[in-house]
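One chain, subunit A, links the two complexes that follow: it is found with subunit B in the first and with subunit C in the second.
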Partner chain A sequence: MFYRESGDFSTTYPQDSQTFPIRFDRYRYYVVLAVAFLVIPFIINDYWANAVFVPFLIYAIAAIGLNILTGYCGQVSLGTGAFMAVGAYSCYKLMTAFPDVSIVIHVLLSGGITAAVVTLFGLPSLRIKGFYLAVATLAAQFFLVWLFNKVGWFYNYSASGQISAPERSVLGIIVTGPNTEAWAKYLICLVFVTLCAIIARNLTRGSVGRRWMAIRDMDIAAEIIGVNPMGAKLTAFMVSGFFVGIAGALFFSVYLGAAEVGESFGIDKSFLVLFMIIIGGLGSIFGSFAGAAFMVLLPVFLKNVFVGGLGWPTDLAAHLQFIVSGGLIIMFLIMEPHGLAQLWRLAKEKLRLWPFPH
Partner chain B sequence: MPDQFLFAMEVILNGLMAGVLYALVALGFVLIYKASGIFNYAQGVMALFAALTLVGIMEGQVPFSHLINAIFGTDIHHFGWHVPALLAIAMTMVVMVGLAWAVQKFIFRHLVNQEPILLFMATIGLAFVMEGIGDIMWGAEIKKLDIGLPQGINDWIDVTTFEAFGYGFFIDNLDISATIVAVILVGVLIAFSQYTKQGRALRAVADDHQAALSVGISLNFIWILVWSIAGFVALVAGIMWGAKSGVQFSLSLIALKALPVLMLGGFTSIPGAIVGGLIIGVGEKLFEFLIGPMVGGATENWFAYVLALIFLVFRPQGLFGEKIIERV
Partner chain C sequence: MNDMSGGNYVTADGRQIGNTLMEMKNITLRFGGVVAISDISFDIHEGEIRAIIGPNGAGKSSMLNVISGFYHPQEGEVWFRGSRRPTMKPYQVAKQGIARTFQNIALFNGMSVLDNVMTGRLTHMETGLFSQALWRGRAEREEVENREAVEKIIDFLEIQAIRKTPVGRLPYGLKKRVELARALAAEPKLLLLDEPMAGMNVEEKEDMSRFILDVNDEFGTTIALIEHDMGVVMDLSDRVVVMDYGKKIGDGTPDEVRNNQEVIDAYLGVSHD
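Moving on, here comes the complex of A and B:
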């Protein structure tokens, strides 16, 4: 019934190689975009923007970034939190140093700076593999957090050691600072997410992406068939860093407004993003979105159930939330190790044959 | 002798003692990694959980009292008795063995043959669950752990070194007893793995799962055993760290201290864990002492990682790790 290719013939090469070759899929994608851009901004309010949509969109960018590195190229990174901090701090420095330049350019530049830093920390990956590399990225996590804490230049020697975003606007609409409207926050994040997802999707299905996946599946074999491991790994670190940096810049400037590095970009953030891509599905752009949505919604949902529904004290609810989210992660790993993206794929297979499965 | 030099000596000695504690945590990692290929992030939380349980049993706390009170509106907290330390340790060990069984039965049996990264993620999930359970069972406030170990400055060393060099070394009694306990623990573990039937089976599994299975070793039993041993090591580490700085959430962060130790020593080597622990312990204390003041201090958080990272670039399998042989 749904997702059928019959009658869906490609007559030109561009048609054959488009992102969504099945017509139904393509229309669904347009509908989702239309709803996200044209419906939600009109009905969104502060609570939904701050608790659900804005963090979801920003984490989705970070998850796409980490998924490129870990899911597509197979290099496990536990430094995502600190890399987001690089994005946040470079955005802050740029915003305060060049107040006249548009914030969009600042965010993109922060992505570029983060890409450079991440590539630097990616250099050891040429020698170190597997868990050793994962632990090595922790070096980046702790070192960068310490650096941003200790060196006053990064936070402009402010007394509290915090960085706070000044008010900036895009096309006359305020997007950072305390006076931002909910829909403005949502829309600027949405624009970045859409662009990032399109770029990531096209990178991963092109020759760069195929090189990454060859390295992931077996690096020596990839090297023998002519993939340059240094080039492939470092481009993965670079592209991943770019996305993570954008996520960090938006997280600080649009979502938080003010940030302190140890608290906002600590190691738990690294784990959170890693959870997102594992639960969503390694090596899938859709999975990055699904995982981000799951991990953002879960605490909101649990808090509503335990505190709102059952009326238990908040500290107890916080502990139970630990147990439930940990338990859910384990359950997911046991029942569906390939994540929500795999469930989605299975559902599509089923829908294709529905209602006549035989 | 110049003061600076003596002071550095004292720093090195204290670093060695801290290194012993790092090695203790790293040991738990190595044991599980060797036997089952699981990189157990939850080791630090296991230490926290063990220490919480020990304090809870000693104080006679009612488990889950917070939760029970919230559901039934009661107000219970203590049984009103005190359990002697040794008995409490034995009871905690029983809990840790139960935990090992549960972990094996409910989690890792279902994850056999999965990719290492997924197993690693599962242990992070486990760490979350145990953190939550530990807090709900025994309450989240900071607790004092006192099982009668000597505390405070060692007067004998202070006086002797003062008479010899004119400068008294400050060395905590607790660190000395921790060192002794760690040495005994390592001795016991080595004896266990060399001379007992189970220990040999453990090494066989670590060498080759399938070969071990084919000569009739029960993998399931070995994995429960190794998680229990890791639980025991965690208990010892939890007691030492808990006695030093109180039983609180930050105790679980010692896992993060043990990771660079593992990288340096190699994930599969018990001597590596010990030597790595000592190198990291001394290295970070010396670095903080010599370079720290120049760059603003608090370098202990990252120095170990950077040291391990630089080291790994030259020797990717760590100090004593198995040589990595790569084939297509």
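Moving on, here comes the complex of A and C:
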């Protein structure tokens, strides 16, 4: 009734391979974009920006990055937190070294630098896979955090060991620093999310994405039909690093404003992003968004219910929140191991027939 | 009858067989102390259907793995299209125009039939990361061109209806056919089929035999296949290599091989007295 593909006939191959081949999907996507760009910026306030939208958008970029590596190419990484730190510290160094250059360019460059670093740490994947690769990336996590703590050059020898984002603006609108308006933070993140999602989708529907998925599903067969495993794996690490680096740069400059590496980019960040893609759905761009939304919104929602709704003390609510969200994650994984993206697919299959059962 | 050993003849059903496409010269392959293939030579002519048969453990699959670059023989030379092939990685061999299917289906289960067949064309797709990321111009054009080629294969193998189905949901016989489609999509010079009819019923075997003959006939693809069903092998192939315990014990037309005493002994056993 609401969701139907009848009457939609692709007459050319480009039509058939577009992102949303079904007209209804396409219109819904335009509506979501229109609301995100034209409605939310006018009604957003500081609380919604800082608690919900900005972290959701930034984590969505990080989740897309990790999903490309783990969900599409099958290479497990536990170094996402540290790779975000690479993006954050690159952005900080660039912002302080070249104050006249636009922050947008700094963020993109940070993505590029992170891509190079992640590719370097991806080299072990040519020889090892699975759990062993996860351990190798875990080493990257600890090494990079140690490096950013130890070497003063990275935080410009500040006394606190912290990095803090100076005020920068895009087109005359302040986007970093303490004087940033909520809607400006939101909009700059939204622009980056949209670009990253479109790029990720383009890569995954073409030959690059097929190379990744072939390596993920059966690496030996992939090599025999002509996929160079080294090229496929390293491009996955590179693209993933680019997105994760952008996420790290935005996380530091737009969201946090000031960061300390062990606290902001520790191993818990790596796991958080990994949970996002597992819960959202491996190998799905939509899943990256769904997982990020789930992991960001769940604590906020539980806090509002416990403290706002039931009037419990904050410390009790904070602890209960861990227990409940942990329990929900386990329950969720047992009921739908393929994540929210699979639930969404099932819902669409049901909707195709609704309200007539046949 | 023509002299078949040098190639360049016309078969009884009127197909033109060309020069030597691939030649294996004195191949020896060892795994530690185990000799999987010992000193085997044979050739494959352009346009022919060449079968490799033998009892289990004879080294047939190892031979196919040598051809596709997965194993590297300790001794011997592989000649392909008139020149000696240096030691190559499997993906480089694929680029040279050799495609294969596997004994136990090796499809990409997370992808649709269409995507699986499209992966077969990866050797023909060259656009870089950046133009792919923007999906403008070359990337899209390349995608469309290759999609057209893939659709021809899909039509040819009659799998249009399952184009968008995830491979994991397909029954066994269709999976085998999709795997053949993926190998064909590469437009190979030489197609290696490792037991294309294993585990199929009579009807599926007939379908598969028809497809193999059609591929050979319409695309002129040279085919080397391993198969245990003797009826199929004798009907399909132009020449047969027989292996036993890593050695070549027979080579020739199906009729010659059928009457070879060594081959009969290998298959039926012989009394050692």
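Quick note on the criterion: the second predicted complex is superposed on the first by the 356 of 358 C-alpha atoms of A that agree within 3 Å, B and C clash if a C-alpha of one lies under 4 Å from a C-alpha of the other, contacts with A are read in each partner's own complex, and residues count from 1 in each chain.
The definition used in the following text is that a residue touches a chain if its C-beta (ideal position, glycine included) is under 8 Å from a C-beta of that chain, and two chains touch if they have at least 3 such contacts.
Computed from a predicted structure; not experimentally measured.
Peer 1: Look at where subunit B and subunit C land on subunit A after superposing the complexes, then choose clash or fit.
Peer 2: fit
Peer 1: Report the partner of subunit A that touches more of its residues: subunit B or subunit C.
Peer 2: B
Peer 1: Can A:Val117 be said to touch subunit B (first), subunit C (second), both, or neither?
Peer 2: neither
Peer 1: Just checking: does A:Met218 make contact with subunit B only, subunit C only, both, or neither of them? Give me first, second, both or neither.
Peer 2: It touches subunit B and subunit C both.
Peer 1: What is the contact status of A:Phe143 with respect to subunit B (first) and subunit C (second): first, second, both, or neither?
Peer 2: Touch partner of A:Phe143: subunit B, not subunit C.
Peer 1: Contact-wise, after the overlay, does A:Tyr13 reach subunit B, subunit C, both or neither (first, second, both, neither)?
Peer 2: second
Peer 1: Rounded to whole Å, what minimum CA distance do you find between subunit B and subunit C in the overlaid structures?
Peer 2: Across the overlay, subunit B reaches subunit C at a minimum of 7 Å between C-alpha atoms.
Peer 1: If I apply the document's touch criterion, which positions on subunit A are contacted by subunit B in one structure and by subunit C in the other?
Peer 2: Residues 218, 220-221, 224, which sit in both footprints.
Peer 1: Applying the document's contact rule, which stretches of subunit A touch subunit B when the two form their complex?
Peer 2: Against subunit B, the touching part of subunit A is residues 70, 76, 124, 127-132, 134-136, 138-139, 142-143, 145-146, 149-151, 218, 220-221, 224, 267, 271, 274-275, 278, 312-313, 315-316, 319-330, 333-334, 337.
Peer 1: Residue numbers of subunit A touching subunit C in their complex, please.
Peer 2: Listed in rising order, the residues of subunit A that touch subunit C are 12-14, 16-17, 199, 202-203, 205-208, 210-211, 213-214, 216-218, 220-229, 235, 238-239, 283.
Peer 1: Subunit A touches which residues of subunit C in the complex?
Peer 2: Residues 68-70, 89-91, 93-95, 99-100, 102, 106-111, 115, 118-120, 122-123, 125, 127, 129, 132-135, 139-140, 142-144, 146-148, 182-183, 186 of subunit C touch subunit A in their complex.
Peer 1: Where on subunit B does subunit A make contact in their complex?
Peer 2: Counting only subunit B, the residues touching subunit A are 39, 66-67, 70, 107, 110-111, 114-118, 120-122, 124-133, 135-136, 140, 256, 259-260, 262-263, 267, 295-299, 301-302, 305-306, 308-309, 312-313, 316-318, 324, 326-328.
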